[in-house]
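Sharing a structure here in structure tokens format.
In this document, chain identifiers A, B, C and D correspond to the written order of the chains, with residue numbering beginning at 1 in each.
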Amino acid sequence: SMAPRKKLQGLVAATVTPMTPDGQINLSVIRQYVDYLVSKQNVKNIFVNGTTGEGLALSIQERKQLAEEWVRQGKDKLDHVIIHVGALSLPGSQELARHAAAIGASGIAVIAPFFFKPTSKDELLAFLREVASEAPAVPFYYYHIPPLTGVKIRVEELLDGIKEQIPTFQGVKFSDTDLLDLAQCINKNGGEEFVFLYGVDEQLLSALAIGANGAVGSTYNYLGQKTNMMLQAFAQHDLALARKYQFLTGEFLNFVIKLGFGVAQTKAVMTFVSGIPMGPPRLPLVKASEEFIAKAKAKLDMLQFTDCFSMWHVEVNGT
Amino acid sequence: SMAPRKKLQGLVAATVTPMTPDGQINLSVIRQYVDYLVSKQNVKNIFVNGTTGEGLALSIQERKQLAEEWVRQGKDKLDHVIIHVGALSLPGSQELARHAAAIGASGIAVIAPFFFKPTSKDELLAFLREVASEAPAVPFYYYHIPPLTGVKIRVEELLDGIKEQIPTFQGVKFSDTDLLDLAQCINKNGGEEFVFLYGVDEQLLSALAIGANGAVGSTYNYLGQKTNMMLQAFAQHDLALARKYQFLTGEFLNFVIKLGFGVAQTKAVMTFVSGIPMGPPRLPLVKASEEFIAKAKAKLDMLQFTDCFSMWHVEVNGT
Amino acid sequence: SMAPRKKLQGLVAATVTPMTPDGQINLSVIRQYVDYLVSKQNVKNIFVNGTTGEGLALSIQERKQLAEEWVRQGKDKLDHVIIHVGALSLPGSQELARHAAAIGASGIAVIAPFFFKPTSKDELLAFLREVASEAPAVPFYYYHIPPLTGVKIRVEELLDGIKEQIPTFQGVKFSDTDLLDLAQCINKNGGEEFVFLYGVDEQLLSALAIGANGAVGSTYNYLGQKTNMMLQAFAQHDLALARKYQFLTGEFLNFVIKLGFGVAQTKAVMTFVSGIPMGPPRLPLVKASEEFIAKAKAKLDMLQFTDCFSMWHVEVNGT
Amino acid sequence: SMAPRKKLQGLVAATVTPMTPDGQINLSVIRQYVDYLVSKQNVKNIFVNGTTGEGLALSIQERKQLAEEWVRQGKDKLDHVIIHVGALSLPGSQELARHAAAIGASGIAVIAPFFFKPTSKDELLAFLREVASEAPAVPFYYYHIPPLTGVKIRVEELLDGIKEQIPTFQGVKFSDTDLLDLAQCINKNGGEEFVFLYGVDEQLLSALAIGANGAVGSTYNYLGQKTNMMLQAFAQHDLALARKYQFLTGEFLNFVIKLGFGVAQTKAVMTFVSGIPMGPPRLPLVKASEEFIAKAKAKLDMLQFTDCFSMWHVEVNGT
């Protein structure tokens, strides 16, 4: 099994699921994808079959195949391969948890069920516990994303006594803008037992300011290197420089959000940035338009240039 | 196969999924359940594995087993057995559609996918079409329930040209309070090609007033007979009497909604009304409290009594 | 004072506020407006300074001037002139209530305050009571419109004991699609003490079916006559004919809603239908586009034609 | 007139409106309030008649009286007295703007109208412009608070060309958790023409991290001194210490929010912290319960103690 060499921190790319032109999962490019992340983006952790990975739009069988291939190709190259095993159906989620354990995943993550929604901390915890207990030796992460699930149970409440219910609990992918909740989590977690990975890429710096340990997101697939430089600047107390990098991601996202930006568009961006064919999304998502691709590419190119320039500018001034 | 003897209309019970005390599906009571619906409620159509049936919280395998048993037990007793085959995953939904066709279901229904949500009529239609085409000889119903899915694409728009895309399209389970949309559907459907079954039980009379053909809902499991009497009064142009029955359902639902009412509570009510053990719901739902059960039972008993009294009253006056 | 000759029922037009081209209130056409409503639409009740009347966008002084002019011009022509006196500020609302009493309004109505929102029945009732008590001889109506206010306190709860708190309480303008709540109100109101006027024009027939006493809405400004025919058909138990009229309103609203339909557009429609210049709306509303006006006019003309035809058809068949 | 001696920055207290026990505005304690803010909280800027000040629940006359008294008492003691003049009614808002100019306010602020909501940047801008132009020599601030108004027009879009429309435009009170929008505003504002004051107190540090210039909020009435120490720590690049202060505010707010926290409760807290009787809120708000007050007081006392301890701890370690 893939015993983590170090605690999960820094950047985690929420991987897209490569598909063939006719909409089947495409395992054949995953090796190349791993190498790209490591060599081009300096990103060594991945979050597989999550929102970006269209996990909930895949069959159980497809999710298993993908998990296996990512773990296989990540071996000796990646630090952490977290498999998202959340599902609306508890038995489905449990089956995926057992599978993730069997293939040696570094961790599993579970989204709150969102058709029937838990209405209290206890109901949510009961569901998570029943999944986590199927993989009793695998680090467990709760995937908190209320804008998509509508489940607004505060994480800081969920943490109370969570270790008794879920001994493998390790942390949270926190994808929300309620930074009071995140701050309370971090404050409670004085002993640094758990990790809090922020999931709203365009405001990561704000989460770092209050103590987030890292980030999980889709933009780290193609802006990982830049964001790593932001993390570095932040670690060196150079907030002005960190801000420049944050504004870069922000400007790109702000631009594409206005054009309509989701998983389909992320797959298109990743295709032109990495050169790896990520294919179309699965219905009800439909593939990005040529117009979107052209505009997004132009914007990204412009930002890279700007970025180089301002880097030079900063260095000159900084000397 | 179960060729419908007549067009789907009137009441359709959205069945709960019986479970054993330890949370496994309990096929053994389905025969009894069918007999109860026919003999005690005079309800001869069912909607299986829908919201009330916890369909989305079941595994694909469980859904198939349930569909099979309902079709088997419904043979020669029920008029229509509609199997809900909607799922977040297109391949999962397609697999269920093929299965429903193979076992001879009277119809299939599909909810709009709601994690990634279709943002236009075309995206929704594309998803539905890919499912429907897997069961090319089975009547297809769209299950419209925006309060749960967040997919607010208007049905009257969806109808435009739907037969070209989905030749098996037959109608809609319309579970929303936007009666303008429903009215437009009915208005467009002048030739009465399609059926519109209303899904908000507490305001069914309002939907009948604008021409709904029938209803699908959970209360028809235990208030089916009463609602049938409402349909009869309505058919006889006795709106005052129909209103009395509608107020009955309304008073019960109004009461239990304040206590917290969902599928878990419906299972409890059905257990005490029918005497058939429906068991607990599946997580994240948790079983109804004893307090709820006591209060709901008392309320229902009181309403039945009132109802008998006013029936007598009406008959006396009506003579 | 204008003592109502009969109980408020049937149609109530929610009047627009005529303005001059430069955005001042235009009292000079109100006389003509009253005559138009009575002679062309057969509508003899009005709801002044409500949502359609842009009441909350007017100054207290303007609201008083308008109330006075409507009451003056309505004398001996109209049955009921209801003045909406709701405001975010309690003193403002009280001032308007006193004024309405002084000028002899037939009734006052108050919307729930919606910046700071009441969170319980008691908080809402306390606010309403403090306004109503300033006009102790004037019938009081609660204006329930949760889609605009976000105040979802159920009316049926509000009714419990309301007469003790607000002796002048007379009824509700119910502008919501929660027909369970409305049905409960009507059910409780067995003695017919109160009136329930429905405020979602496109589904009035559905509210009539469960016992609504009438309607308040903007479309009765220009589709009043048609809706009166719907009321008549309904009263004569001819639901099929009533439905035709409901579909008429529905088809128009469905069409214009897609173009963008609000108070600004209602003013434009009323201008071309009545020939009375209603003027622009007040900021932040902006006047309807020429394109909207052309399309809305064409649609309305077409519907009138269709309608005449089917009327003829009905009469021929009905004879 | 009160010409600002320096650019608005740092903390701005959103003042509560003192009221007498019977609910009238209480001007008599405003002098004491000003002295308290300056001497005990080191806060020298105020935002009057905003949300915390119940501005929209006051009559125009009351708002003028309050504005006058705050400006009078703030003279020579405060740096900036910003008067919120927003209203649903454009003429009302304009009247308040003229008045604020006449009495020498340091600035005016306007909330987006929220009954009829502007649906585009242009509609919002047109409304703001018509108010601002009534006070052509007074700095103008837009008060952005989408959680209360529902107006989600992005500020970064609003900024484009705003100086041409509103020459007095000076900045934004940004009360939202969409930090991408705030970051874009700050990024665009490279030349530092405008100020961005953050309005979600519990996550101010996150806004500072991306370049916010200061803050407007209710907690600065009683946690101003502590928050000033956070600003100081942040300015000295001591993020760890700044975080401690942020957690302090967060822990208090997190605690009281669970008890139910709004303007009524803020008035109660301010009364026991400052010793100045702030009185009850106005309906539909109702005064805080004794139980709330006891719990909030205990929590705040505990935090102060903790805080003192950790300050000592920090100093010892820091030496």
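We take it that contacts are C-beta pairs under 8 Å (C-beta built on N, C-alpha and C of every residue); 3 or more make two chains touch, one makes a residue touch a chain.
All figures in this text were calculated on a predicted structure; none of them were measured in a lab.
Chemist: Chains touching subunit B and subunit C alike, please list them.
Modeler: Intersection of subunit B and subunit C contact lists gives nothing.
Chemist: Farthest chain from subunit A, going by the mean of C-alpha atoms per chain?
Modeler: Chain C.
Chemist: From the C-alpha centre of subunit A to that of subunit D, how far is it in Å?
Modeler: Using C-alpha averages as centres, the distance is 35 Å.
Chemist: Between subunit B and subunit D, what's the gap in Å when you average each chain's C-alpha atoms?
Modeler: Distance between chain centres, rounded to whole Å: 51 Å.
Chemist: From the mean C-alpha coordinate of subunit A to that of subunit B, what's the distance rounded to whole Å?
Modeler: Here the centre of subunit B sits 38 Å away from the centre of subunit A.
Chemist: Could you say which residues in subunit C touch two or more other chains, in rising order?
Modeler: In subunit C, nothing touches at least two other chains.
Chemist: Sort the chain contact graph into one of these: line, ring, star, complete or other.
Modeler: ring
Chemist: Considering every pair of chains, which are in touch?
Modeler: Chain-chain contacts present: A-B, A-D, B-C, C-D.
Chemist: Quick check on the complex: what are the subunit C residues that touch subunit B?
Modeler: Listed in rising order, the residues are 156, 177-180, 183-184, 186-187, 202-203, 205-211, 237, 239, 243, 246-247, 250-251, 253-254.
Chemist: Which part of subunit B faces subunit A closely enough to touch in the complex?
Modeler: Going by the criterion above, the answer is residues 51, 54, 56-60, 62, 88-92, 95, 112-118, 123-124, 126-127, 130, 148, 262-263, 281-286.
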